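One chain, chain A, appears in both complexes that follow, with chain B as partner in the first and chain C in the second.
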Partner chain A sequence: MTEKDYGAIFLEELIRVAPDIEAADVSPEDHIQDDLELDSMDVLNLVTALHERLGIDIPEKDYPEISTPARAAAYLERAV
Partner chain B sequence: MPSLGADMEAGTLVEWSVKPGDTVKRGDIVAVVETQKGAIEIETFEEGIVAELKAELGRELPVGAPLAVILKQGEEAILEAGSEKPHVEPPAPPQAEKPTHTAAPAPALASAPLASPAARVRAHELGIDLATLAGSGPGGVIVLGDVEGTVAPREPKTKKQKSSGSPFEEMRKAIAAAMTRSKQTIPHFYLSETIDVEAAIRFLEARNATLSPDRRMLLGALFVRATALAAAKVPVMNGHYTDEEGFKPSKIVNPGIAVALRGGGLVAPALMDVATMTLEDTMSGMRDLVARARAGRLRSSEMTMGTITISSLGETGAEEMTGVIFPPQVALVGLGAPHLRPWVVDGEVVPRHVVTLTVSADHRVSDGRQVARFIAAFEDAVQSPEGL
Partner chain C sequence: MTQDSDTLASGVGEYADTGAAPKTSNTSDDPWEGARNLIDGWQGGINIAHEALDRHVAQGHGDQIAIRWLGKDGSKQDLSYSDLSELASRFAHVLTAHGLSKGDSVFALMGRVPELYATALGTLKAGLIFTPLFSAFGPEPIRTRMEIGDAKVLVTTASIYKRKIAKWRSEIPTLQLVLIVGEGAPDDCVALGPSMAAANPTFETVKTAPEDPALIHFTSGTTGKPKGAVHVHNAVIYHAFSGSYALRLTPGTIYWCTADPGWVTGTTYGIISPLVNRVTMIVDEAEFDLDRWYSIIEKERVEVWYSAPTAIRMMMRAGNEAAANYDFSSLDFLASVGEPLNPEAVIWSQEVFGQPFHDNWWQTETGGIMIANRPGAEVRPGSMGKPLPGIEAAIVSETEDGFAELGDGEIGELALRPGWPSMMRAYLNEAARYQKCFKDGWYLSGDLAMRDTEGYFWFVGRADDLIKTSGHLIGPFEVESVLIEHEAVAEAGVIGVPDETAGERVKAYVTLNPGFDPDDALEQSIRGHARKKLGPAVAPRQIVFRNTLPKTRSGKIMRRLLKARELGLPEGDISTLETDET
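So, the complex of A and B:
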């Protein structure tokens, strides 16, 4: 999978955790907490979903690495 | 139609989860009702057999209107005997003598006219004596429309009555009504304390580093547990206050957890009996509650059985919050986000993460000394996280 594929998966899981966000409104540079208003419970649910789907266990200290869809895509590709 | 909040006037029945002949027990979901705060699953408080579904799907019904008849064991005979009709209720067919409605019990009032809370508040604002009004609600209850003189009695509701605003506008109105009522009727007072949460943060970091994401814990779960333990120790912070009955402390602690919704608005569904739960169960209960709040599938008991509310600003954000009590509760725990601050520990200034806790309390029920005891119990619990 390419970085782009990981970006698409991240966005899919993001929308599943926060069904009130429109995928079309999310830009790669949006901060998931500051711009998209995810709270800490949403972030944990997102990390849980990514773990279940990709088998990638993102430790708490790496949460800043997934703070935007663009950063997350790069991180997930590296983490495989 | 049960009341799902102090400010609720009516709800729209959107789904039946039972049919006549079904056996139900306390806590079963019988219907789904659309309210200003989203779709809510209605649980029954009765046990028995569903005899009749009275309410029509898609109809907006005032609080108190019968939804269905549930017969307890032994009540069938009474129905068959066709006993007398209790009172005029236009569209209703003859009823059994004691049908058990899923609706909340009628308020026990002797002298004061029966009126919905929103109607009382509006009448007070307009300076109208409720005794001069005729109620168009079920059993002659005065509803908001009667006070404002906009609803023709006994007319089916029109679209205009249920304003055509967006869900967010509707929720904003519900919040406005509840918060206005709170500030107009509850004499709030506030006590604050800044608490060192370094031990709690280190505890969670160490714990979560070894666990997969589905078992990780958030600081918020510690706060909810600490609130439950403190509320169990200081009963005047935990319960409901009504004009009719005054303060009724609750034996169990059901913390309402304020969940902010994107685009505006919030709900505060309750997690039941947290004082007897483990920290792990508290966390999974919160996860489930937040997920269902976002999906719009909360249950009626969660909307009405909260005994104290926790409003936390999360892990980033402002330092302090002074909240408004959610009636009929008598206390709200406001928690700011953790901030790194210079702190004196054992005579040395050291960097520490601290959280400012502000308790809003109802002065009709408690005094500063009791709230101070609550805060001390909360602080003790948070500072020994392994004991939570």
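So, the complex of A and C:
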């Protein structure tokens, strides 16, 4: 899978956690908490969803790496 | 006073026979006489802003840092007690310049930015009533609360205004002024930046009587709308006392309260109590971020840290390794509030920080910490601690002869003898609901608890259907009302289910209107709708579909039964059950 594929998976899981967000309104640089208004429980649920989907563990210290869709795509490609 | 504040004053007057207000001051049997010495008083009355700021400046402490503000972007801003007093004065002038006066209601809806603190203290200085709202609320909870509170002024950001307020702003008849943080503002709003810059930096604090309303904090009800708990300027006596006694706040202490001022903890112990006790507060604009938090403690040399179980459990999940490279030697006292802190987290914190988190208990209604694992006393992991001096707590149960106190080890409702200074004085315009909290000389908390033989209190659960998630109390009715606005939803029952991080998480059971099929897409559509209206903190995290919900003969959804089944507990008395869940 390419970085782009991981970006798409991330966006899918993001919207499953926070279905108030429209995919078309998300830009790659949006901060998931500051711009897209996820709260900390949402972030935990997103991490769990990515774990279930991709089988990767994202440790707490790496949470900043998934703070925007662009950063997350690059991180997931490296991590998987 | 304006007509609205007269209405408020009449609502507040109903406490007389509940004993919520303290005994008249200056009498020898006043148990709070000693605590009264912790404050100055102002022109024969009491004003919270005077106690929090101006008296420190007058006493030569104006240069001490009141707030060290840490911006999301890594910036840092120090505000001295003089600076903050000046900002509060400017804000007070902005209010009066717009014709607002004593008793009017000012709502704040923004993140943890310096303007929030100027708004809170300037509002109190001018004798107006401060009501904070949580900025992650969706438009629905914001609007309901502004309507109940007869909001005259809203202070918010351009982004929040555009997304959550603009559409219905004209439908709030009392709203006279919307102040927007920053240099610009949309139509019909006023930019706060230029107004503050042009305002006079000195303001003669308005003389307020001890029983004048100062703060309104909203709290959820099981049924009906949220309730606005009214607190008076006299509360500052208890804010001063409890901050010192339960949190060890002393002049110059470096103190970090992680709670958002949108909730009562973030106002009482995130603005008023620490400033009254002349500490230096750390204010972090950002949300929880493990490394950021640990760095703040290390770099700012935080001494007293007041946080919440959800955050503490997130730190615990990250493990000891994540904390290993940080220096926590500055920490002197750690406290936690919001929901019971599990014993493992208390023990873990002792290992990692060298200090255990001290759990304490109080409510929006009590206005301050009532029961605590106090500094210097032995911590009982998992317990909320013992009542503070002057606070009489008991476990009670209703009998044929009224409410009777239960013995040690028995489970009942946690009750308090009213009379401490920070007790609420009313639920705004809801006299009946307010009176219902008081029985036979007790204030009934709605929490079930028990006391052990050594006098420590232990939380057992809620006596009603309210949900405690991440330390916030959520009323199921408010959530259900929004769910049934979705075109597919016929009925909804909302409960809290156990969650290892948040304590409880909000779960909804819904039945569908004809023509709609239960599937993932519909689940997301309903959840998305709820999040848009309510915000992420209040909206359900999970929705399940049912053909029917368990209901009583009168058609009331039996949340208690949904919860018992969810938890695998006995179903209890189901004699009123008419239709069962399918």
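Note that the second predicted complex is superposed on the first by the 80 of 80 C-alpha atoms of A that agree within 3 Å, B and C clash if a C-alpha of one lies under 4 Å from a C-alpha of the other, contacts with A are read in each partner's own complex, and residues count from 1 in each chain.
Note that in this section a contact is a pair of C-beta atoms (placed from the backbone, for glycine too) under 8 Å apart; a residue touches a chain by one contact, two chains touch by 3 or more.
Keep in mind that what you see is a predicted model, and the values were worked out from it rather than measured.
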{"item": "Chain B versus chain C as contact partner of A:H51, first or second or both or neither", "value": "first"}
{"item": "Contacts of A:P64 with chain B and chain C, given as first, second, both or neither", "value": "second"}
{"item": "Contacts of A:P28 with chain B and chain C, given as first, second, both or neither", "value": "neither"}
{"item": "Contacts of A:A18 with chain B and chain C, given as first, second, both or neither", "value": "both"}
{"item": "Chain A residues contacted in one complex by chain B, in the other by chain C", "value": "18-21, 33, 37, 39-42, 44-45, 59-60"}
{"item": "In the complex with chain C, residue positions of chain A that touch it", "value": "15-16, 18-21, 33-34, 37-42, 44-45, 59-61, 63-64"}
{"item": "Residues of chain C defined as touching chain A within the complex", "value": "72, 136, 287-291, 310-311, 314, 317-318, 322, 469-470, 501-502, 505, 524-525, 527-529, 531-532, 535-537, 541"}
{"item": "Contacting residues of chain A [partner chain B, same complex]", "value": "18-21, 33, 36-37, 39-42, 44-45, 47-48, 50-52, 57-60"}
{"item": "Touch list for chain B against partner chain A, complex", "value": "205, 208-209, 212-214, 216, 218-220, 260-263, 286-287, 290-291, 294-295, 314-316"}
